[in-house]
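Each chain gets a letter, A, B, C, D and E, in the order it is written, and its residues are counted from 1.
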Amino acid sequence: MNSFFLILLILLAGAAISFALGKISSIISGTVAFLSIASASVLFFTQLKNNTYIEFPLGEIQLQWGIDSFGYIFALIVLGLGSLASLYSISYMQNKERTGIFYFNFVLVITSMVGIIFSQDFISFFIFWEIMTWSSYLLIIFNKKDVKEIGVKYMIFSAIGAYSMLTAIVMIKGNYNTFLISDAIQAGAFNFTNNEYIPILLLIGFAVKAATMPLHVWAPKAYSNSPMSFTVIFSGAMSKMGVLGMALVLVRIFTFNANNEAILPNFSPIILQQTLAWLGAITAVIATLYALMQDDAKKLLAYSSIAQLGYITVGLAIGTKLSVMAALFLAIVHGIFKGALFMVAGAVERQAGTTDMTKVSGLIRKMPFTFFTALIAIIALAGIPPLGGFVGKWMLYESLITESNSYFLVILVFFSSTSAFLYCYRFLFGLFLGQEEEATKDVKEAPITMIIPMLILSVLLMVTGAYPGILFDPIAKGMETIGFNNVTWDMSVLGNIWGNSVNMIYVWLTIVIVFIAAFIFLTLKGLKGTRYVSTKDISTSGEIPLEHENLTFQINFFQPFRRAAAPMYKRSMDKIWNEIGSGLESLFNFTRKIYTGNGQTYAIFVIAFLVLMLLLKDTLFLN
Amino acid sequence: MRKVFVIILLILVGYFLTNTFSLITFGENRIGNTSEEKNVAAYYLNNTKEKTSVANVVTAIVVNYRGFDTLGEVTVLFLATTGLGSILFRRKEDEDQIERISKPSSSLVQTGSRILFPLIALLGIYVFIHGHLTPGGGFQGGAIIATGFLLMLISYKNFKAGHTMLIWVESLAGITFVTIGLWGLLTSGSFLENTLPGGELNNLISGGIIPIIYIAVGFKVAAELTGVLDILLNIKPKK
Amino acid sequence: MVISPVHYIAVPLLAAFLIPLLSKFIHKELARIVPGIVFLYSIFISITLMLQIGDKGIISEVIAGWQAPWGINLVFSPFSGFLASLMSIIGFLIWLYSYNFKKIDKEQSQKYHILQMMMVTGAIGIVLTGDIFNLFVFMEITAITAYSLTSFYRERDGAEAGFKYLLIGSFASVLILLAIMILYTQLGTLNMAEIAQKSHLIPTSLKTTIIVLFLVGFGIEAEMFPLNGWAPDAYSQSPGPIGAAFAGIVVKAGVYALVRVIFTLFDIHGAYDFLIYGGLITMIIAETSALAQTNLKRMLAYSSIGQMGFVLMAFGIGTHQAIVGALFLMFNHAIIKSLLFMSGSYLTYNSLTKQISALSGLGKKLPLVSILFGIGAFAIVGLPPFSGFWSKLYVLSAAADKNMLLLIMTILAVSIVEIIYYFRVVSTLYYGKQNPEIEIQKPSINAMVSMIALGITILVVGVYPDVITNLLENAATALTDKATYIQSVLTQNLPIN
Amino acid sequence: MIVYVIIFSILSILLIASAIYAVVQKDLLIAVISTGVISLILSVFFYLMHAPDVALTEAAIGIALTTIIFVITIRNTTRNEDESIDNNLDKF
Amino acid sequence: MYNLELQNNLITTSVYGSAIALILIGLYAVLVKKNLIKIVIGLSIIDAGIHLLFVAIGYIKGFTAPIFSPGSENLANKMVDPVPQALVLTAIVIGFATTAVALSLVIRLYKHHNTARIDQIKSLKW
């Protein structure tokens, strides 16, 4: 049997079995899900060779599946993260209701993403894309919170994206008479000068999943409201599907000459590129600003995800070798550290009952391993050396400064990534440091099955920080597949055009030594004379705080900043979309009044329509 | 406002109807020479006498050439009866409170209807038995018989049209019709095919299956129309 | 006896006339069982005949032994055969579903089953007949049964819906009669093949009038805007399975008639545009009206109208692929909407009111029905891997071949509206708060069987559309191939006399 | 010939008059009877146009049965179009 | 009055005219009158008009009824068109059936809503 089918079959069987077993025990169900994903990953990385393709017909439509180096990059994210997240969710989902539905959709999301990676034709691509959409929809509303608002919003935006994609697909079929992606690329279907609509529509479709402005409004609540073990996949892997698509299209919007160098016949593709880059940058800035204001750690992470995806979009949109490489690198690393962070949030949620930073704090002693993961991941997220996040940002900045032609863009990206320090700090400080709360006194460390994936991810982050080349290798191969020539990379040395270079191993070693030294010093000092006080252990002007009063330092954490940036928060994209929605709804409510309920009126409609047709008959039906 | 709009519409409808029918001359011969058989009407007029031995061409068309329509038509009536039954359905518990809509008629009326009823029924039967020879046929005869039943229904308070009888007549007539059709299919290969010998023109026994079908139609229509009347008359009047 | 298309009509009629006798004198249950046997027989005929005609053949069966133009004939082509088979199958499933439907009175069930069977028979007659007046008669059979069935429940506003339907339906029959009349004066024939052959002889002004009359008349049956005022009421007030029958069978017959007139009788290009615009407006108005509905069945009704608009529009595009897409849509709409109406009617039956909000949390109490409803909802909005996706893809790519970008955008925009209201229902079902007071009536086995059969069909066709596309291709070819139609009707089966 | 002209003209005038009367008359019973008159005149028309079968059918169904079911309906609902006058259709 | 053409026109006008007038009057009743029974009366008037039109298009001036009565066996070429008559027969019966169903619905509506005015029976809308 063909490995492609076998992998999908294993996954589908896993979905079905875990659905059936969900009624019996959530642990068994989760184990089945984990085993199926893990075995599919093993099969994938051992059995499938790059650049193998199979073709089979479905009616008149020729379908093609295959795996190339480009898809391989994303397979790494999807399957790696998928296995870890499913392992993680065994404990996370324990004692919850309807776990059958959860695991069914969970595995189905993984399946569809693997399917997307396999798809070499638009039809299977779209089919898997839609399966991914609706199965993730069912997970988003899994927690039964704000079902209508979150679910419907997610579905509307997904549908906007999917249907623009579908429009583009049928247009490709109409113009080039092919459903195969490779044929379409060959025929120049993505070429902006050939047809403006196709690339734009496709980009809209992918931008929705990549949560790019102004199509991002579904994301914050969707990310924060789904079960955390799924958000790991949702934010870490699923959004990367949008990145995958965007990369494919953006590379090909120019006309190429024989040496595969872009010819620039007019400015329109550049305008498209610039627009997208600007949108990405603005997304990053705005999402960062919103992330600062969140009290809920999950929401903070959700906005941060959007911001990170903004960087990736910028990188893809710039479209040079370096920037695309940076973007893809960031995509993988973002998958790892955001996965780790959402796992942390999930662990905190499971153990402490909430992730609201005004209610939970000082968990460092209760959950040391979780804290360690959070620390590592936050370092990566903030882009501080020596971890993977730094490498990606470095490359992105370099390409922005040298190749983007727009310093405003650079300023925006810089602004947002420095502001990101603020929320990174807050996440770490809010949840793990500071005073302990009464409510979280009895919190224990998360179970081992949750710790293991988190630690694996932290280790991965450290490794990619020291040896980014591990990731450069598949990325470079993948980029060569989609049309870049001679992508060069080095195992751990980052260079720039001015000839300076950094060896990540040295950076890494230095920092780790400093870190360990500081850690030992602080621990020793801490052992001696630290006094722990509860938040209620104060008196203000002689008044003793009431029992229920919340006096955590977390409340209004960035109040001065909020005051300064108030105008920014006044008008959000969310509101604009809501206004459009309610406007349309009232319009529809008006038009449906045509059905007055009076049978006679309907009869008059019939006669009026008849007369109208009779009046127009000679123009309408002449031949 | 609505009235004005409707009147404008009606004027336009009238204009188009007049326009259309001004192109269709009244009384014009559109059949042409019947022996040329340029259209169905010519074919029917030319062939009915020989091929079906039915004097009344309309009957030949209704029962034989377009017998399928007639089957559909009696089905429509049948379904109307059934539908009426379901629309005006009463539950069993209401059944006792049925009240005839008319007060008991005077004995003069009662006697009159009792005498008239057989006569009307006979007339109806005559009409549909001679359907293939003279004007009239199953529908007309059936409707006439139903009128007779109507007389009885309104003059006698407790005259029940006899559900069992109605069901029998209706079902048997319908089954006869379809069975004759299926017999044709079985023996000659086409539904409702006239399998019996034609006989002599203008004889009572002529036209093969045509009179049989028309008689069945007559009974069926009579039963169905009576059924409709029965249902409608059985409604409990509003106090 | 040789299997022939006339069995589709004759056997149900025989059964309908027999049922009162049988149930009165042999056993009451027979009134409910016999229609099922009849439907099974219809399915058997369908299979036999579909195998018999193979890829391209057309069976033209004459009635009463008169050759085509002189008598009435039935035409079993891949196109009409496809629809007749579909109707038989849906009819059977609807019968199975309503076999012991609790809401139907015991005494009423005989009438219900006769009416339901004859409604399907009438629709099959419309599809099969080759005579325009015969088509009218069958339309009346369908219409009369539909009026009665719409007002079947006493406790609902059925009578109101039925009266509106009747009012508009009478207009339809008047218009069609007028059209037939004018047609007859011009050509002296009622046979559709002969009309198709000679339609160019009609003077233009009369021809256009005839077309308008036909389009408006059949447009009423096909639920085209603004002729569809009756439809939401009729759908929502009729018994659940009858809503399914309207969507799966009756409207299909209306669309068939409309398409037959446009594609075969008069080959008019203006009418294609008429279909596109009519369908588009119907779709937009109906789907946007569905958005604000609070009553589940009424929402399904509007959605059904919208889908029919989509079908008409797909026919209007007019290319081979578009017609295949349109037929695929008809197929999908028949099975999916039947499933939705069936499961939806169980859901509303188990809620306190008919409102969508009253369904909240029923997903847990009626898990299988809710999953089936969910499958239906996912399929109708065109999400893969359910069957609805393929029809949408066919139509869209046909539109793309003709470079109708705006059309594609509109269809998809409307689909988004569709997604919103269907997903609202699904999320209410599964993620709403439960009402503990409701007592649940579990659906009977037969109802479950018929719903599961539909659900499985949706999945199978969705995963592997090839099972149906071949049939659709043949049907589409048969619809557009006017010459073969005329030829096989007018020269086959010489008269025996 | 001229006789026909006269008959046709008179009949058509009667026909239209009774139709209008049927529509404007507020008493539904009278309106229904006018409708019956329409059918009557119609069947004469049919007879004159050499359609005896149709004439018979129209006579039997149109005049008798249609009228009677209308009357039954009026009996069961209301006699007055505007529903202000009491229904006093006790015998007929 | 001896003008043949005028006579023809008069007959044409009286037949077609009254048929069209019936249709229009019926339509008026259906579209304007509020009473349900009036609406049904309107429908049957429209039907009557259609039936008249139908017979009229089959009429051929000076020809006889399509019946081969004894003594007129060879008049096939002198008979009016029988097909419209056959169709009208069907149409009349169908019309009756529709009217019966309509009236039964009116009865039920009246019982349910206690009114026969169509503009007050609007519980289903939008």
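One rule holds for everything that comes next: contacts are C-beta pairs under 8 Å (C-beta built on N, C-alpha and C of every residue); 3 or more make two chains touch, one makes a residue touch a chain.
Predicted model, so just to flag it, every value in this text is computed and none were measured.
Colleague: Determine the shortest chain-contact distance, in steps, between chain C and chain D.
Modeller: Step count on the best path from chain C to chain D: 2.
Colleague: Chain by chain, through touching neighbours only, how many steps does the shortest route from chain C to chain E take?
Modeller: Minimal hop count between chain C and chain E: 1.
Colleague: Name the chain whose C-alpha centroid is most distant from the C-alpha centroid of chain B.
Modeller: For chain B, the chain whose C-alpha mean is farthest off is A.
Colleague: Need the most distant chain from chain D, centre defined as the mean of C-alpha atoms.
Modeller: A
Colleague: Which chain pair shares more contacting C-beta pairs: A-C, or A-E?
Modeller: A-C
Colleague: If you average the Cα atoms of each chain, whose average lands nearest the overall Cα average?
Modeller: The chain sitting closest to the overall C-alpha centre is C.
Colleague: How many angstrom lie between the CA centroids of chain A and chain D, rounded to a whole number?
Modeller: Each chain's C-alpha centroid was found; their separation is 76 Å.
Colleague: Compute the distance, rounded to whole Å, between the mean C-alpha positions of chain B and chain E.
Modeller: Computed from C-alpha means, the inter-chain centre distance equals 17 Å.
Colleague: Please compute the C-alpha centroid of chain B, do the same for chain D, then give the distance between them in whole Å.
Modeller: The mean C-alpha positions of chain B and chain D differ by 20 Å.
Colleague: How many angstrom lie between the CA centroids of chain B and chain C, rounded to a whole number?
Modeller: About 30 Å, centre to centre.
Colleague: Which residues does chain C have that touch at least 2 chains other than itself?
Modeller: Answer for chain C, listing residues that touch two or more other chains: 133, 137, 140, 144, 147-148, 151, 154, 159-160, 162-164, 167, 185, 190, 205, 209, 232, 289, 292.
Colleague: Where in chain A do residues touch two or more of the other chains?
Modeller: Each of 592, 595, 599-600, 603-604, 607-608, 610, 614 in chain A touches at least two other chains.
Colleague: Could you tell me which residues belong to chain B and also touch two or more other chains?
Modeller: If we look for residues of chain B contacting two or more partner chains, we find 2, 6, 9, 13, 16, 24, 30-31, 40-41, 44, 56, 58, 66, 69, 72-73, 76, 79-80, 83-84, 87, 135, 139, 228, 232, 235, 238.
Colleague: All pairs of touching chains, please: list them by chain label.
Modeller: Per the contact definition above, the touching pairs are A-B, A-C, A-E, B-C, B-D, B-E, C-E, D-E.
Colleague: What part of chain E is in contact with chain B in the complex they form?
Modeller: Spelled out, the residues of chain E in touch with chain B are 8, 11-12, 15-16, 20, 23-24, 27-28, 31-32, 53, 56-63, 65-70, 73, 76-77, 79, 81-83, 85-87, 89-90, 92-94, 96-98, 100-101, 103-105, 107-108, 110-111.
Colleague: Which positions of chain B touch chain E when the two form their complex?
Modeller: 2-3, 6-7, 9-10, 13-14, 17-18, 21, 24-31, 33-35, 40-41, 44-46, 48-49, 55-58, 61-62, 66, 69-70, 72-73, 76-77, 79-80, 83-84, 87-88, 133-135, 139, 201-202, 221, 228, 231-232, 235, 238
Colleague: Would you tell me which residues of chain C are touching chain E in their complex?
Modeller: Those in contact with chain E are residues 133, 137, 140, 143-144, 147-148, 151, 154, 157, 159-164, 166-167, 170, 173-174, 177-178, 180-181, 184-185, 190, 232-233, 236-237, 289, 292.
Colleague: Which residues of chain B touch chain D in their complex?
Modeller: 56, 58-59, 101-103, 127, 135-137, 139-140, 143-144, 146-147, 150, 225, 228-229, 232-233, 235, 237-238
Colleague: Taking the complex as given, what residues does chain B use to touch chain A?
Modeller: Those in contact with chain A are residues 2, 5-6, 9, 12-13, 16.
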